[in-house]
Amino acid sequence: QASSGTFRIGALNSITGSGSSYGVGMQKIIIAMAERINALGGAGGRKLEVFAEDDQTKPEAGVLAAKKLLDVNKVGAILGTFSSGVTLAVMPLTDAADAILMNTSGAPSISERNTKGFSWRFEATNDRYGRAFAQAAKNNGFERPATMAFNNASGLSNTQGFKEAWEAAGGKVVQSVVYEPNRPSYRSEVQKIIEAKPDVVVMGSYLQDTTIILREWYQSGYDLRWIMPNWAGNEALIKALGKDVCEGVLTVGTISNEGSPALEDFNTLYQKLTGNPGSTNSYASMCYDMVVVLALAMEAAGPNASSVEINAKIPEVAGADGTVVHSFEEGREKLKSGKISYQGASSKLNFDKRGDASPDFSINIIKNGVIERQSRVQV
Amino acid sequence: MLLQVSSLTAGYGGADIIKGISIEVRQGEIVTIAGTNGAGKSTLSKSIVGLVPKVSGSILLNGRDLLKVSPENRSALGLGYVPQVSNVFGSLNVLDNLKVVRNVKDKPRKIQEMIALFPPLGAKLKLPAQTLSGGERQMLAVARALMSDPTLVILDEPTAALSPSLVEQVFRLVARLPEQGVAVLMVEQRARQALSISHRGYILDQGSVVLSGTSEGLLSDSRMAQLYLGRH
Amino acid sequence: MTFISLLNYSLNGLVEGLLIALPALALTLVMGVARFANAATGDYMTVSAYGAVAAQKAIAASASAAMLGALAIGIAVSVLAGWLVFRLLRGRPFVTSLVASIGVALLTRSVLTYFVGHDPQTIEIPLMRAWNYWGIRILPTDIAVAAIALLAMALVFGILYLTPLGREMRAVADNPDLARASGIRANRVWITLWVIVGVLCAFGGVLYGAKAVVVPELGWELLIPAFAAMVAGGVGNPVGAVLAGVLLGVIQELSVPFVGPSYKIAMSFLVLLIVLLFRPRGLFGVSVSTR
Amino acid sequence: MESYLIAIGTVALIYALLAIGLNLQYGFIGMVNFGHVAFFAIGAYTSALLSIEGVPIFIGMLAGAVLAALSALPLSMLSARLSDDYLAIVTLGFSETIRIVIQEENWLTGGIQGLPGIPSLFSSMSFGPTGLMTLIAISACVACVYYAIRHLTRSPYGRLIQAIRDNEAAVQSLGKNTSWLKIQVFMLGAALAGIAGGFYAHFMSYLSAEQFVPLVTFYVWVAVIIGGVGRMSGAMIGSLLLIAFLEGSRFARDILPGVAEVEMASVRLGLIGLALILCTIYFPDGIMGKKRT
Amino acid sequence: MLALNHIHKSFGGFHVLDDVSIHIPPGGLVGVAGTNGAGKSTMFAVACGQIAPGAGTVHFLGEDITQLPPRKRAMKGLGRTFQIPKEFGSLTVLENLLVASPRATGESLYSVYFHPRAIRREERQIRERAEEVLEFLNLAHVAGKLAAGLSGGQKKLLELGRALLLSPSCILLDEPFAGVNPVLIEQLSERILQLNKERNIAFMIIEHHLEALRTLSNDLYIMDQGRVIAHGDPSAVLDNPAVQEAYMGGIV
């Protein structure tokens, strides 16, 4: 399928639709990283050629785009599917075409359906997020949590995961509200939460709706704390709402591999490409890692390897054991002398048998407009 | 010459409906157009007002070529019009139907005048025009056309659907219009009555003028009467 | 469920309803005069909101700068689309113009996203804590929202029912041919219509954008509720659109404690259905007689 | 490339089925249905759920069509009381309600997580590529439907329903049961959407509520109007054009090298919008033109 | 045969029909005249079920049909025309008449597919009748034209044609001759008389053409402001001074 000089990959991102605030940056990173690999002479003797597509954050559009990528562009890998719906819908296609699928979706069912082992998840699963939320609530001594979830797979399973973990530990969730996307105001939803008198609200939300909800809450004057995923509670949120509103908000995220050269490199690159700090888009850092992992696997598989052969090499370049490397160049060097373990910008990766990375989590708190690490947890 | 239509051809996109018609209306004259159904009478009047998509030939009003004037500006040149169907603004009330006419000098006075002319309208000023009976609509339509003091008013079957007393009234009204400096071009199926108050008339059939002349001449032409005017 | 909390829910609904009423009013005006449902209404709001963001960045982070920017963009886009597209479609069937308006909506949004991207933006307004009267929470910003929305609507009513121009608009809507024969200049009427639509959308865009966040899909998502309000109020009836918008808003929010936020949208449709069962031409529609 | 074309062809034909149904409802009897996607969804979910339970796909699809038609019954009974715009909003509301129910009722539909693993047509067969077989099956189905409906519209029945579109009160005063005819036609259109839904479910193999948003209805409207309202060939050509546009614009990048990848999404959207505008302006009666003059 | 008994109807406090009673005997020719806005068309709408009366009953063939919808009344043999023509604009003139023809099979979904031959046979017969009516109405030359493109008078004729095809036992005609060429009016009147005699169809005709009413009716009602002010033999009624005063403005 791949002609000898190039290896074709598809960047299937949510350029429009509800995932667009992340998808655009994700696609830019994939393209930029491919260029960089090519500038370094390619991987496994081949250049990467990127075909970018928009899945509109919709399964149907995702399927058609994936079909185009696989059948017309003959790509050997699809990178960057974001919404679980899209990933689940595209997976049968990539499986059938023996193509690699690298995603950032959270739905647990993706692991179950990954029977052929072509799918690689760079994001923590939703139930793991939920457990991390529960940890954050416990660490901060909350007793009466409520949940608010954006009505989609990710929002719901995050709060569901929290609820299960919290109740397993003997706690009680005082109110659960699921809200619809794209409303002008969530005041009634916030009011419903407030009426249950919680001390903290655990959010399964995105940036856009979180902005509205926090503004409504702040104006209502009710005393409350918040726990939310870091893709919602980040610098962009602080910028949109000001530091008063965000004071004391707890955010939970997979630990980007801080201190690692890969993360620093990603941050600079992302800032250059989009003008925003890399911390506003953790999915983009996963896409950064996708390209590196793929390139390293190509390198390991050698010239003219098929995508099946490349796929088989992924655990060998980003598994738990091997020499630790932080970049493609470094990895390419070390590969000559055996197994490596690429530690990425988004996490250490260390893919397990089902193709899931299992990043650690960090619990952060926003103080005076600055996000500070509170603790680091493993779940 | 007030209105001079020469070799006018007009249609709606398909075959021509009007084929080279020439008619004229002089200052202060009443002219009747009669003819079979579908002869092209309404198409002729609509062409003069500017509501037919395909027109060629020439239409001069007071020497100005109307084909070069957009329909909305023709009323300012002194053209009034009462269409055959949908001749009122149904969703506007009676008063607004009169008020909405542009190019009127003294609107309030003119409205009073119209109400005096058609008393039944006076009682229904605030009712939407679509609730009026067929005849009341007809009155409103004529009143609307007369609002702007036109020099030529084109009436497309103004008396259809009117009761005999109103028919009589309308004809009397029309007969008086020339005194006020309004010339009339009237399409009528009540051709005998219409011709009796007109100066001249044209008879149309299948898009052409088949007969024209003074009213007396037309009324006394018995063969034509048989074919176009009926017995009454 | 206490009375106070129900009252609070109703207040939320009132404000949301007033926000919906602005695009509903724009829709109903176009429906009344131009005889089609303008699916681009929502995107006029979106670009207006972006206009406000841009103006705040360029001039000052004040509310009036936002308003100015929104008005400039909203009116410009509405008039431009009206002139370049809808003028050419006069007299076409309802759905043809509707499809063209979907085209206008997509084109508008594409130009917008081409230049400004997809990132959420915010219109800066000072955040204020709610006034609390015995548990009834009233937001000062909501009062401003309500006041501005009402003002915009009053303006439209004034133009429509008190000025000759409004009468001419209704006449053109009713019978374009007769209007022309009566000397009414259709183009002037149309431009007025699109200016008013632009103004309403600008107000709607700014208020909505200030309350929520500004994203490319902002207005598109509002289209269905606005359409519902327009129909429930009796198509082409401005008073009806506003009252129905408010009614639907209140019902929707009031149903939150009972059916939850997901089914609340369905609730408002249910109410709509019941309204239409008893008043098949909408709350304030008039029936036409058969002769 | 072939299998991509096959996929696009399948989607286009699914839209053609939807468009034929809508054209029947709007173009022939004049009912403004803004909730077409609801019947599509009902057909899709019925067929998908039944086939997951092991019911033969053919039966599942049939059941989907029947259920879609049945759910159209109360709506069409209402429509006896409602006229155009009002029916439009009621159907739109219905489709949103159906979508919310699909999204909320986990136990049945898999809720927000969606319904994966729907068997595809002919997946159990050992010969021939599934995609091609699906395309052939749906082509055959569309051809049958096309000729059956065309026969209907050219019959006295078809004439009568067009008269209802022009003036229902007049038809009533001629002693015809217009309400019953409207119910029939509406249900028929819904059944066609239901069949389309069945094909869609087994083609996509994954369903979720977000696939059944009002935008789908809008697209079908676009197909009908671009093709030509009240023309059988219009619905067909319109759907093919629509999908050609939606998908063809993916290739626009090849001719526009200067445009960045992320801007491409905007350009695509703009091209589609522009095409809609130009089509409506320059083809007043749709691409297939007027029926007669 | 058709009887309206003490019908009242008001719109927003305005009495359009005020205790109107009208009776059509079997095979009768009843004329209705009256001032504009007297309520004549409204009375038709009440008779045919488009408008529900405020009070009063409508009987047809001895049966109370006040509650029946328009369609059921039409099926019982009550046909009408509308004052403002309601043509089927996107159908051809001929098709307009074909739709109006009562038929047994062609309008059932089932037989469209399963009895094509019966439909074809039926269609042939209906078409013959329709073409004959078109010929008679002077519309044959526009038979293939879309009805939307007819002239005002032609639309009225088409409206009449549809009612003629119905073969009902009673037809209500709302100003059938308004805008129709006088020569044609004479022919149409003859046709109506002929139908009345040969097929025993009863007619109620609203008209302002007094000459036509004189020849066409054997019983004449005059309405004014929602009331029947005179009723009886046409000549006698038209000579009644009260009628002349109210309706004809003193002239004959």
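Should a chain be cited, it is by its letter among A, B, C, D and E, assigned in written order, with residues numbered from 1 in that chain.
Here, contacts are C-beta pairs under 8 Å (C-beta built on N, C-alpha and C of every residue); 3 or more make two chains touch, one makes a residue touch a chain.
In UniProt terms, the chains line up like this: B = Amino acid/amide ABC transporter ATP-binding protein 2 (HAAT family); C = Amino acid/amide ABC transporter membrane protein 1 (HAAT family); D = Amino acid/amide ABC transporter membrane protein 2 (HAAT family); E = Amino acid/amide ABC transporter ATP-binding protein 1 (HAAT family).
This structure is a prediction, so every number in the text was calculated from the model and none was measured.
Farthest chain from chain C, judged by C-alpha centroids: E. Between B-C and A-C, more contacting C-beta pairs join the chains of A-C. If you average the Cα atoms of chain A and of chain C, the two centres end up 37 Å apart.
In whole angstrom, the spacing between the mean C-alpha positions of chain A and chain B is 75.
Distance from the chain D centre to the chain E centre is 42 Å, each centre being the mean of its Cα atoms.
Residues of chain E found to touch two or more other chains are 11, 41, 50, 82-84.
Looking at chain A, residues 15-16, 24, 151 sit in touch with two or more other chains.
The set of chain B residues touching two or more other chains comprises 14, 131, 133-134.
Residues 11, 33-38, 41, 83-84, 138, 142, 149-154, 157, 175, 178-186, 208, 210-211, 247-251 of chain E are the ones touching chain B in the complex. Residues 31, 37, 39, 85, 88-89, 92-100, 102-111, 113-114, 117, 224, 227-228, 231-232, 235, 262-263, 265-266, 269-270, 272-273, 276-277, 280-282, 290 of chain C are the ones that touch chain D when the two sit in their complex.
Interface of chain A with chain C (complex): residues 15-17, 20-21, 23-24, 151, 177-180, 182-185, 187-189, 191-192, 195, 207-208, 211-212, 215, 218-221, 236, 240-242, 244-245, 276.
Of all residues in chain C, those touching chain B in their complex are 164, 167-168, 170-171, 173-175, 177-186, 286, 288-289, 291.
Remark: chain B residues 49-51, 71-76, 81, 83, 86-92, 96, 99-103, 128, 130-131, 133-134, 144, 148 touch chain C in the complex.
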